[in-house]
Structure formats: C-alpha cells, structure tokens
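I've put the structures underneath this note.
Both complexes below contain chain A, partnered by chain B and then by chain C.
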Partner chain A sequence: MSGGRSGRGRSKAPRVSIVKVLCLAILGFLFLAPLINVVQGASAESLAQLLADPYILKVIANTFLQAGLSTLPAVLAAIPLAYFFARYEFRLSTIARAILLAPFFAPAFAAAQAFLIVYGRRGVVNTFLMGLLHLTEPPLSLLYSMEAVVLAHVFYYVPVAFTALEAGFTSIDQDLIDAARSLGASEWKTFRKVMLPQLIPSLAASGILIFIYSFLTFATPLLIGGSFTTLEVATYFYWSKFGGWTTAKTLSVLQLGLNLIFVLAIFLARERVFQPRMVAKAGGLKRSRLNLLRGGLGAKALALYALALLAFEGLPIYFIFASGFAGSFYLIFPIGASLESFQRLFSFDFGTRVTVWDSMGQSIAIAAVAALLSVSASLVTAYSIVYSKGRARSVLSAATSAPLAVSHVALAMGLYAVYGAGVLHLYGRWEFLALSHLVLIYPLATRLIESALMRVDPDLVDASLTGGASRLYTFLRVELPLIGPSILAASLIAFASSIGEFTFALVFTTGTLQTMPVSVERLIDFRQIGLASAMTSLLLTVIFISALAANLLARKGLGGISYGA
Partner chain B sequence: MELRVEGLVKRYGATPALDGVSFTAESGRTLAILGPSGCGKTTLLKVIAGLLEPDAGRVYFDGRAVTGLSPQNRKVGYVFQSLALFPHMKVRDNIAFPLDARGYSYKEIQTRVRQAVDLTRLQSLEERYPRELSGGQQQRVALARAIVAEAELLLLDEPLASLDTPLRASLLAEIKRVQEDIGITTLYVTHDQGEAFSVGHKLMVMIDGKVEASGDPFRLYAEPPTSRVATFLGFTNRLRAKVLKESTDYVEVQACGGILPVPRRKTRDVGKELQILFRPESAELSLKREKPSQLEGVLKSLLFQGRNLRARVMTEQGEIEATVARPERYREFLGLLGARTYVDLTVEEAVVA
Partner chain C sequence: MTDRGITFRQRALVLVAALILIGAASSLYLTTLQPRLESTLVVYGPKGIRSFANQAVKAFSEKYGVNATFTHHGMGSIEIANRLVSEKASPTADVILGLPEFYAKPVIEAGVLEKYSPPNLEEIPSSKVWDQSGHILPVDEGYIVVVYNETIIAEKGLPAPSTLDDLLDSRYKGLVMYPNPVTSGTGLSFLTWVLTEKGEDAGWPYLEKLKENVVFYPSGWTEAMDAFIKGEVAVGVMFNTDTVYSETPNLNSTMAKGFVYREGIALVKGAPHKEAAKKFIEFMLGKEGQDLAAPHGYVYPVRPDAALSGDVEKARVPSNLVTFNPSLAGNADVWREKWEREIKGA
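And now, the complex of A and B:
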C-alpha cells in the first residue's frame, strides 16, 4: 500500500467529534472534577508546615525508599524467569505461567493477607521452623516492618515484570540469536550482547510501572507495615482519623507533584529508553523443548530458579485456600480439609447491620455495575483515541492513562467531596462505591479495548464506508463484532478489579455498606484468620475464574477470528 | 459514468502523495494506473472514494463535483489490496453488506446477491467464511461485494498482488469479463506492467504523485513520451549519441563504435548529442562485426534467467544489457567472458530523446 501510515486518523471518520465531546465529559466527570477539588482544598500554609515536619519528611523518604527497594528486585528477579519461559517449552508450562500470574490478579489486600499466613509470628514458616528446630518461640519476626512491605511488593509485582519481559524476549527475532550463535557467541554472551539490549524498553516500562504502583501502595503498608508508613497511608490517617481535610489534601497535592516529576522524567527519557534498539523482523523467538537430562548447567540452574520463584509466588496463594479449608489456623496442610470455616463465616456477626451475605451481595452488585459502566465509558474513549490524529491522540491517551498514576486516597477524597457529600450526597450508598470503582477501572478497560480496536484492519472500516454504510452502522456491524471478545474480556477484568478493590471500599465503608475485602480486613482485626481466609478464598475463586475466562477470550479474539490481512 | 479529476493534491507531512493529479476516465472503460509502489496510487483511489480528503483539487462524477461528499453516498465499489473481507461474516453476508447498509428490501437483496454470485462464479461458497476460501475465491468475493449495489465506479487497488502467478492470469481475465459484462467505469491500480497493459483500455503512468503519461497502452509501450516513463517501462539502457547526418526520415548518429540510423521525429542539429533509450530485448548480442550499426563492447557477465539469457556488455559509455538469442548456448558464451562482442540494436524499438 502506498501513502503515509499515520495510523487510523487518516481515514475520514465523520461525527467523531460528538464521541470526543462525550469522552471529554467522561474524563471531566470521573477524574478531573474530584482532582480539582483536592487541589483546591490544599493550602500553601499547610504545605509549608508539612515540609517542616520531620515526620512527614521521613514518610516521604520512606515512600521513595520502599518503592525503589521493591522495584529493583522485582524486575531483576523476573529477568531470568522471563528468559526461561520465553526460551523453553515444557509440559505444564501453561499451568506454571498461570500460577506465576495469579498474584497480580489477586487483590493487594490478599497479598498482604497471604503474607500474614505465611510469614506471620504463628505463620507457616515459623511453625515449620519451630517444629524442625524444636523451638518454643517463633524464630522469625518479619512482619510489621519495611522489609515485610518490600517483600510483599516483590511477591506482588514480579508477575508484572515477568509478563512484560516475557513478551519482550519473545518478540526478539530468532535470526539475530542464530546469527550471534553462528558467529561464535556463547549462550551467555548472546543473552548479554544481543537479547538484553533489545529488552531495555520492556525493562524500563515494567520498572516504571512497578515503581509507580509501589509509590502509591496502600493496602500492604496498612496491613503488614506496622509503624512503617507511606504517603498514601499517612494521607488516609490525616483524613479519616484526625479529620484534617486541608492537611490530607495538601499531602495529596504534594504526592501528585512528586508523581508529576516521574511522569515528566519518563516523558523526557522516552525517546532514549523506549525506542526499540533495532528494527526486528516479525519473526519472534523460537522456543525449544526443555530437556533437563541433556540440557546444560545453565538450563538446569534456570529450571531450579524458576521452580523456586514458582514456590515464592504460588505458595502464599495456596496457603490462603489451605487456611480457609483447614479446621484451625495451625492445620495449614489440608489433610482432613473441612468446610467449618465457611460454615462459621456465614453466621459471623460483625457487630454492624451488615451480614456476610449482605457483604457478598453488595460486592457483586457494585462490581457488576462498575464493570458495565466502565466498559461502556471505555468503549467511547477508546474509539475517540483510536480515531484521533496526531497530538489530540497523544493528549487523550495520556489523559485517560493518568488516573493509573494518581493516588487512590486523593481520588477518594475528591470523589467524596464532589459526589459523596454536597448536592448529590451519594455517600453510604453502594452506587457511590460503584462510581468510585468506575474511576479506577476505566483507564485499564480503556487500554484493553483500545488495543483491540487498534487491531481491527482500517481497510475493513473503509470497505464498509464505501459499501454505503454510515459510521454508526459500520461501528455496530464491523468493529463491535470484531472486538466483541475483547469487550467481554475487559468486562471480566473490570469485574474482578472491582470486587477485589480495597482502598475505596475501606474509605467509603459504613455501618450498612461493607464489601468483601473490607469484611476480610474486619475478620483479620477480630483475629478470625480462618474465616478471613475462607472469605478471601471465595473472592479469589471468582477473580481467578474471571481472569482465566478473560484470557481465553482475549486469545480467541487474536487467533480464532483473524482481524483481516 | 465519467470520472474527472482535477489538480488533486494530498500531502503527508512535507511529501506530497498526490502532486496535482488530473485525468479523465471514460464511461464504461477501464483505466489502468501503473506506477511504482509509493507513487500515490492508493491515495488517489482513497480520495476518489471519499475516504481521504484532498488538500486541493476536485473530483467529478459525470460532471457533478463530489468533493466533500461522504464515502457512503458515492456509489463506488472498492476492492482493497488487502481485500478487506469482513472476517466475521459469511460470503453471502459480505456480498450483501452494501445492500444491507443501503436499506434494500430482503427480496431485492436475495436477487442481487444471487446475480453477483452468478457473475463471479461463487455458487456453493455462500455459506463459507472468508478464511475458508482460497486466495482466488476471496478475490472474487471482494469483487462481487464491490459491484453488488450498482456501483457507478469500480476501484481496484492491486487486486491480484496477493495471489500466485498462475492464478493471476485467470483472475485478470475474470475481472475483465465482469467489467465488460456490466460496463462499469473502472480504475485498475497496479505496479505490474503485464496487468496494466492487458487490462486497460487506457493506461496512465504515475510516478512520485504525478501523472507522467497517459494514453493508448500500445503506443505508450512502444513510445514512452518521457525518459522517466521509458525507464519505468523497461527501457533500462541509455546511451549518448552524436548526430552525424540528418535526412528526411532518419538521423544518422554515432555511439559506442557504431553508426546507426534512428527515426527522426524532430529537427536535429548536426554535431549535437541525443539520447537513445532501449530495452535489453531490443539489443542482441553478436560475436562478429557484421554491420556498421553494431555497438562495440566487452562481454562482462551473463545472467541465465530461464527463458532469457541476458548479457552485460561494457561499452565506452558504461555497461548495457543485451539479450542472447538462444539461451541454450549459455555455456558456449561463458567461455567468451572478457572477449570483444557486438550488439545489434533494433532502432525502431528504441526511444530517442
């Protein structure tokens, strides 16, 4: 085909402006209005006080420190793992991959909860060591410290880096590797000199993502950080416990400013970091069968390493289920599994007007509504991004991604002020929590639908338009059916994200509104670890099934239906 | 319908994909548009179909300006290079799509789809999905979809590019037959000379976003009007020649040790230089000096191409490519590499500029 390839924008798409206006309205309503409220609520006076407070300065330093300490090992640990999975194929590799990805799909509070069960004072590791070494006191005290937070982050974010890096490795042209090997380079040299340089964009992207996620962490330090506090947790305490609106909002603005610095740095470095080093042909890496008997020392070491990481990632999740099905907290191995915890769970009295059944019903209703709304809003947004040109496109794309890098506590304060209190006064209603989840899920769902829409061959749209179809008719009959599986997948992911969401759920909980993650937190507070595990097991089952189905659908969208030539 | 295009300009950044394109396509005829890839052919079709807005210029359907009219209101049948068959629709639904979109009645749709299916010989394939068809069958579905809704103009963008060589000839004949059956004005865009010359009632050569030449295919092939067109059409050899003598029909020129008479189309001054462009197939390698018109040179290399045997001969003006009459003598000629050889040029087939 001749002519420039400036993307989708080059074809005429009439009436895109109506959609664009709608898209801006969604952004303004969901994201901008709450954020502006937070910025307006901050004060310079309070900022000066905060910056003079040694405690706050320590919290800022801690936030940076734990984010850096979490990012580096998570990315480094993922490199050999991703290499191993990209390079070799073996039986059960699909299951191994699913186990490695599971922690990421699990809600953040569940990761912290798993750490309580595994590394707690009376946790699996300590119990095991006490039995082994005949000790009367637990030898390890890991929890309620920065180390615990960092370790939980590494556990939680290795899957993020793994996914990005495996994709990065897999896209490397096999010919380049074969060329390097035939020119006499060893496997290690080939890895270092040919593969690693091409991995820089994936390394940078996953590193930045993990840093931002860790910087904004909330559930982990709250549940297992003890006195170790991050900015997000401090903001929450100023707001909810001390009622310091101005201080909390000023802290949020401070955090936003710090975030803006990263985003700016990323923007400035993007040309150097994110440009692929060389143009690789669409060949891709070929996997070879793993043969441990005949393979070299390298392959054996890699396999052993992968197994260790698989245990690190898989066992905590396993122990949540195990502790849910175990009769008591100490009976962690499901010999004689029982449903006792589940039976007790459903008759548990929280001391509020909410029963366990209510909590589940509310969670499901909120997740369903949030998923439906976010996917609809995302469809509008993705459409206007994909069919925008040049600068408008980058601005829209950046604006819709921004909420991913904004503090949840800040958003919660803004949403509370704008929609929770005031004229609408939605606070305390489940619809309000659904609305706030919509704000969180919307960027993610937009990315999923946007990438599906990008894969639709623009010639198909042109063929429909020249065939006499209107733009709307084309969208309904050509684009929508083609991205159908991806929309369904996005809905499932949205549902799973909402049902496991912790920050908003905790902040907006009331005597009558209490979603499952908050119920889990209450149960942990009541020291009902078995019941908490039972509840999280239920939640994880729903989330994992949704994620699995979403994965299958996404794959169907890619393989089953070809999106044209 | 007569298509007229006037002064079309379309830029992508600084580079123009269309740089003042004007032409007329006669009603009911096929205009073949030939050009190297990246010359702006696809952009031209998209502008005519209304999928792209030109930066300047106008498009007229039967004298009616359609610039600004949306693609859905243009009654254009477009066969995309990628074919752009809807992967989620059966053959029948793909063909019915333009009728559905325009709100034809169910009965009307049935009849027209049947007609289009018969015309493109797709009977018994209607219930299949595009991915279950061969390349040639997919091609015919795209053609059926383009003509089913009484399009007034058929735009074909490299329609055979994705097919294997043996299939191309038969599909080309098929496209010609369908075009003549319904008598639709057709633009056939291709980079392949064979396709362009055989399909077009008229031929237009586009290079770098400009119309370089247009006219009768036979004339263009024999006498390309410009040296760019000549080069693109295979006149790859180029020699400078000095005018020795001028007569009524011929000009006698000297080049590379030969004295040749070339056809005289305009007055030439004795002593000045002119250019001779010729195809390798118009120049035959010879081992002996037989006549004074032969060019001289040293045999540098031989290229066996199966049907042809090409020789590169180093003359005083650089290398030229000539043909060896009998390819089976390849081995015999191999022994002559580096020897002095002669080239017989059929001047009637050459272009003098």
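And now, the complex of A and C:
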C-alpha cells in the first residue's frame, strides 16, 4: 500500500456521503450547538481585560506549568512499562493490565481520598518513612500543592501513555531489532537507535493527549491542589460562583483557542502514528515468557520497575476498595474487614423513595444508553474518517479530535443553555445526563473504534468490493466482524466512563434521579462515611470489571486498547 | 453462501435486536422513575441542605398527597438564589429553602419573593425572626466555632484556640484550615463572621495574616473533615456539631465564641403552585418540619418545641454568639471573588 492511508477505498468510491452528513450532524448536535452558545456569550472587551489581569495570567501560567510537568514524567514512566508488557509474557498479565487501566476511570474524589491515605502527612508513605528513619515529624508534605496535582495526573495518565506506547511497540518490526542485535548493538543501543525512533509518533500522540487532559484538569486541583488554581477551575468559579457569565464564557473561549493548537498537534501526530502501521504489517516485538530466575539483569530490573509502577497505580485503587470494607476512612488496612457496610448500604433509606438498587439500576441504565449511543455515533464518525480522502479526511479528523480538547465546564455551560434550559428543557431528566455523558465519551470512543478500523486489511475490503458486494454488505460482513471485539471493548470503556463520571452527574441530577455518584454524596450528607466508602467500592468494582472485560475483548480483536492514539 | 448468509443475518439481527432491547429497556426503566417536574411543587435550595430538604419534601408529599421535588442544581446558597433571580420572568420554583441571612437583601430587592405569614409563625419566638421585611421566614440556624484536634494540640504542647485572634498565633503555623468560602457554605459563613466581627477594614488584613498559618482551604465539608480525620490539619473552623461527629473523636472546641448562621424559607413571586407552596412553608415552620432539622440537617430548629437529636443534641452551644451585621448585607458575591483573587490567589 504505497499510497498509505489516503489509498483506502480507492478501487470503488464508497458511498460515504450519507455517513459523512450524519457524522457532521452528530458533531453539530453534540459539540457545535453548545459551543456556539458559549462563544456567543464571550466578548472582546472582556478578553482584553482578562489578558491584562495578573490573577488570570498567573492562572494561565499555572495551567501550562502543571500540564507540562505532568506530561513528561507520565510519558517517560510509561516507556519501560510498555516495553516490558510488549516484550514479555507472564501469568496474570491480564490482571496487571486491568490494574493499569483502572486509574484512568477512578472518580477524582475517590482518588483524592486514596491520595490522602497514601501520601498524607500521616499516610502510608510518611508513616513508613518515619518508622524507617526514626523521625518524629512526617518528612514529606506533598498534598495541597501543585506537586500533589502533578502526582495525581501522573497516576491518572500513565495508563494513557502505557496503552498508546504498547500499541506503538506492536508497530515495530522485530526483524530490524534482530538485525541490529546481530550486528553487535547492545540492547540499550538497539532500543535507542531502532525502537525509539519508531515510537516517536505514539510518544507524541500520548504526550499531547496527556497535556490536554492535564490542561483541562478540574477536580484534582480543587480537591488536593490547595491554593493552586488552573484555568478550568477559574472558569468554573466565574461561571457558577462569581456570577460572571461573560467572563466565564470568555475564559472558555480563551482556553478553547489555546487548545485548538494542541488539537492541531494531536491531529498531525495521529497522522503519523498510523502511517507506519499501514506500510509494515509488523507483528510487533517477539514476545518471550518472563523467567525471573534465568533472565538477565535487564529483565529483572524491568520486572522490578513494572512492579513498582504497578504499586504506584494499584495501591491507591486498593485503598479505595479497602475503605469500603473497613467501614471507616482512617483504617488503613482493613483488618476488621467486613461486609457490614454493604449490608447496611442495601437497606439504607435515602428519604427520596430511591433505594441503592434503584440508584445502581439508574447508573447502569444511563451508562448503557450513553454507551450504546456514543459507540453508534463513534462508529459512524470513525467510518467516515477512515474512508475519506485528502482534505475532507483532514478536516473530519481534526473536527473529531477537537472535542477532546473542549473544556468540560464550557460544555456544561453550553449543554445547559442549549438543551438543559430553553425549548427542550431537559434539565433534571435522565435523558440530559445521558446526553452529557454521551458528549464526554464520544471523542474517546471514536479514537478507539477508529484505530481498530484503521487496522482492517484494506485488501480484504477491496476484494469484497471488486467481487461485486455492496458497500454496506462489505461493511457488515468484512469490517464489522473484524472490529467487533474492539467495538465491544469501546462500549465497555464508554460504560465505565459513564459510571465513573461525577461532575455532570452531581450537577445535572435532581429529585428521584439518583445515580451512584449522587448516592455517594447523599450518604456523606447523612454522615454515613462508611457506607459512602462501600458505595464507592461497588462503583469501582463495576468499573474494574468493565475495564478487565474491555481489555480481554480488545486483545481478541485487532490490537489492545489505546487511550492515546 | 446462502446458508451462511442466513445464519449471519440471523446473528446480526439477534445482536441488533438485543442492543435495541437493552437501550429500550434502560430508557423505559429510567422514564418510569423520572420525576414528573411539571406536576410537582418545586422547592429550590442549596446543595448543602438537600438531606434535610429531601426528608421534608418526602414527609410533606406523603401528608398532603402532593408530588413535591427538591432541586439544588448542584449549587450553593448564593448561586441558587441568583438562579431564582435569573428566572424572575417565568419562575419554575415555588419555594426557596435555605436562603442565608447574609444574602437575603439582594434577593428581596430583586423582587422575586412574595410576603407570606403562615398562621403558625406566631409559635416561633420573635427573637428568631431576622427578616423584618416579612419576606423570609426563619427555618433553622447553626453555630460556627473554632475547633481543634486535641490529640495533636496536646502532643505539641499548644493551647486550645477559641477566638478569631487565637488563630493568628504563629505557633499554629502549618496547622490551620478553614473551608474555601467560594465553594463551601461553612467557609462563606466564616468569611461573614470575620467581616462582621472585624468590619471590612480590619477583616481583610486579618485574613491576609491568617494565611501564614493556613495549610489549605478545603473545598467542602467532606474535605475539611477528612483533613481532620487524617491529621492533615489540627486547628480550624467548623460547625459546633462537628465536634461530636463519630468519625472525629479528637475534634473539640472551647465553645467560647461562635457565629450564628441563619437560614430561611420564602414564597416565590409568581409561584406556579402557590397554594401548595404556602402549605409547604407552614409545614416547615410546624413541628413536623422542624423536627427534621436536627437529625437530617445537623442544624438547630427555630421552634422551641421541636426535637433535638443525634449530634445536634450532643453538641455544646457556644457561650457567646456573634450575629450577622445587617449593614454588610448583599456583599457575599463580591467578597467571594475578592477572597479568591486577593487572599487565596492562584
């Protein structure tokens, strides 16, 4: 395929016009309408004021600084980890992978809880160090600072880089490595000279994505950042607290403007990520079974490193689970582990005619609807991108990448104005929450399905089309079965994202609509912290199982899950 | 090919049907649980009062066979009041519950409330009635005090703080917190306390100086209590009832001085369900409504005959109480922005 990606569907012009129109309609409905509302509310005068405001300038500088500081370690930490997983096979690797995927979905408030337990003044790390070094005062003061925010971002986004890089390693040609090794290059030199250059696209793609995610950070600085304020937090304050709608909308537009630069970058990086895959149908690295006894020093060091990173990612998650069983926030180890909290949880009276079962049912049903809709929308979008050519392709690809960089506060403002209030007046209805989740999930689901669709061998499609099959028939018979597992995986990821989403869930619900995060909040209102922990454990269990299943399904299909590309 | 085509088509059909079924079943299930907002009495209020409000709305609905709903829009007391004002032309709310004393003035002046005196108002002591204009009726009150972790204070050999000025003691450096006034109602009440007691001229420099001792400003009640539970802070400002909270056995207060946080209820002008709204206000001032304040709101009812229970019953009440200075009314919006920019900073 010398023509690379633009050569797809060359033999018989596929009828994508209807699909393309549909794709644009989806984008318009989900993103354009809310964002136009936001942009309309902004003003040039306000922008001039903001750019001369030292507070806002500091906030902008903060936002860039923390995003940069979060991205670098997250990406660097993930390289050896991804290499380890791409290079070695070992038992429990599926579980280990699921543990590495889970932090991405951990609700921010739960992660903040876990961080307090692990990194707090009297937390696990400090207690350990105090015992080890015979100190009377905790040596580390990590929380309530920019450093805490950065640490939390590394925790959240190592999985993003890990999945992207693992996918990156599969595009590396083992023959090249063997050639380098047989010419006497050391393992390190081979990595540096042969593998690293081929990884650059995945590094860039995941780096930009992590930068964008960190740039848009909201709950993390609010919960553990102390006085450290970012642009998204300031926008939220102006929107909801200071009554400065024009300022809030202008801030959003400013943020959107800055983010468009990154979107352009991510788009360019993505174009390169897929290029080598189309040319070389490389099978990736030759995998060998991990044998710690006979393996070299390198393998041992790598295994140790992977274990350490697994602990860094897994421990906070473990503590969230554990606190549900311990029934109290400050029991670090669930010595008195019991199911008592869970038993009480299921008989708890919220006073709203809603039981825990209803709450779980609502969460699961909303997540199911949001996942079904977002995956359908994403399938249409991915299809129209993959089978477009030239400029149309570039425009579509950029347009569908853009939502990733849209501020959630801006989306909330726009969605509320356009669909929550106004003619439709969906506020407080489950349809509105499902819609808002659909908006949040769609960009990620699109990326996942697109990357699967990209890997379908174009020759198979061509063969079917030249054999006289219709485009629809070919899609249903050739492509869909091949990407089926990936679609299911994307659905599960979408499902987990919806279940784990807190911000919209808390703001957009009322009355008897009480999804699981709302129940957690209500339990805290009743000062039932033990029950709130139990509820959070339940929530994470659902998320973890979805992530595990998604991981297994995606491996069955074309390649693994990659949040990054 | 035909055979396989049929099985494929069947399989695809089953799959699509299953997906549609899941979607339809989910939608149907959610719709049956959907609150029917159009036909109900709508009570607006801040997020912080939702536990109390939900219980009250439920009890009221059961008693009168009305379908009442409490809505907080995820907002705090100032925002929900501003929301009410923004909906002046066509109000969706019938009643606003939990309107704080220090933000009453702008809401009254905006002309979104209608005066109403329920027959049982006379059963409430006149000293509890703070809105003399008669728009807003008292519902409950709470006391904000200086609290401390007695274990940590003892370990460090420090005295127990009890006043605003005590918090400035340099020995408490790195031990103090008060909730963020932008995101927390308790924090905003503390800010109001400082500006009431010290006036604006001395209040802001006080907060600037206090900053030297502050570790961080928790965004809400949970974060604040968590910081105490996990030993991140040792001194702070919370409600008096928090000192008897079961998860924080070390939390104490001298109860020497406190600030009274008072909130009320009001009828919305142009309320779509005016008669039901009046009934609800009467219900909230009656014994049944007032009995719910302590167990579900962790606040004190305004009726002398209402029951105290749980933490509210156990907690001691501060011996000296500072009440809001009415001449400061209506500035809470401006204060929060000023605090965010000048005291907390970015």
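One rule holds for everything that comes next: the second predicted complex is superposed on the first by the 378 of 565 C-alpha atoms of A that agree within 3 Å, B and C clash if a C-alpha of one lies under 4 Å from a C-alpha of the other, contacts with A are read in each partner's own complex, and residues count from 1 in each chain.
The criterion applied here is as follows: contacts are C-beta pairs under 8 Å (C-beta built on N, C-alpha and C of every residue); 3 or more make two chains touch, one makes a residue touch a chain.
Because the structure is a prediction, the values reported are computed rather than measured.
Student: Scan A:G120 for contacts with chain B and chain C and give back first, second, both or neither.
Tutor: Touch partner of A:G120: chain C, not chain B.
Student: Quick check on the superposed pair: does A:T512 touch chain B, chain C, both, or neither? Answer first, second, both or neither.
Tutor: In the superposition, A:T512 contacts chain C only.
Student: Tell me which partner touches more residues of chain A in the superposed arrangement, chain B or chain C.
Tutor: C
Student: For A:L372, is the partner it touches chain B (first), chain C (second), both, or none of the two (neither)?
Tutor: The answer is second: A:L372 touches chain C but not chain B.
Student: For A:L482, using the defined touch cut-off, is the partner it touches chain B, chain C, both, or neither? Pick first, second, both or neither.
Tutor: first
Student: Can A:W430 be said to touch chain B (first), chain C (second), both, or neither?
Tutor: second
Student: Look at A:D462 in the shared chain and tell me whether it touches chain B only, chain C only, both, or neither; answer first, second, both or neither.
Tutor: Touch partner of A:D462: chain B, not chain C.
Student: For chain A, which residues lie in the overlap of the chain B contacts and the chain C contacts?
Tutor: Common interface on chain A, chain B vs chain C: 477.
Student: In the complex formed with chain B, which residues of chain A make contact?
Tutor: So the residues of chain A in touch with chain B come to 1-4, 6, 10-12, 14, 457, 459-460, 462-470, 473, 477-478, 481-482, 561-565.
Student: Which residues of chain C touch chain A once you look at their complex with the stated criterion?
Tutor: Touching chain A: residues 8, 12, 19, 22-23, 25-27, 29-31, 33-35, 37, 50-51, 54-55, 58, 69-76, 78-79, 82, 182-183, 215-217, 219, 221-223, 226-227, 229-232, 245-247, 296, 298, 311, 333, 336-337, 340-341, 344-346 of chain C.
Student: Using the touch rule from the top, collect the residues of chain B that touch chain A in their complex.
Tutor: 12-13, 15, 17, 37-43, 46, 49-53, 70-78, 80-88, 97-98, 100-102, 131, 145, 149, 157, 162
Student: Please name which positions on chain A make contact with chain C in the complex.
Tutor: 55, 58-59, 62, 109, 112-113, 116-117, 120-123, 143-144, 222-223, 226-229, 234, 237, 240-244, 328-330, 350-354, 358, 361-362, 364-366, 368-369, 372-373, 427-430, 476-477, 506-508, 510-513, 522, 524-527, 529
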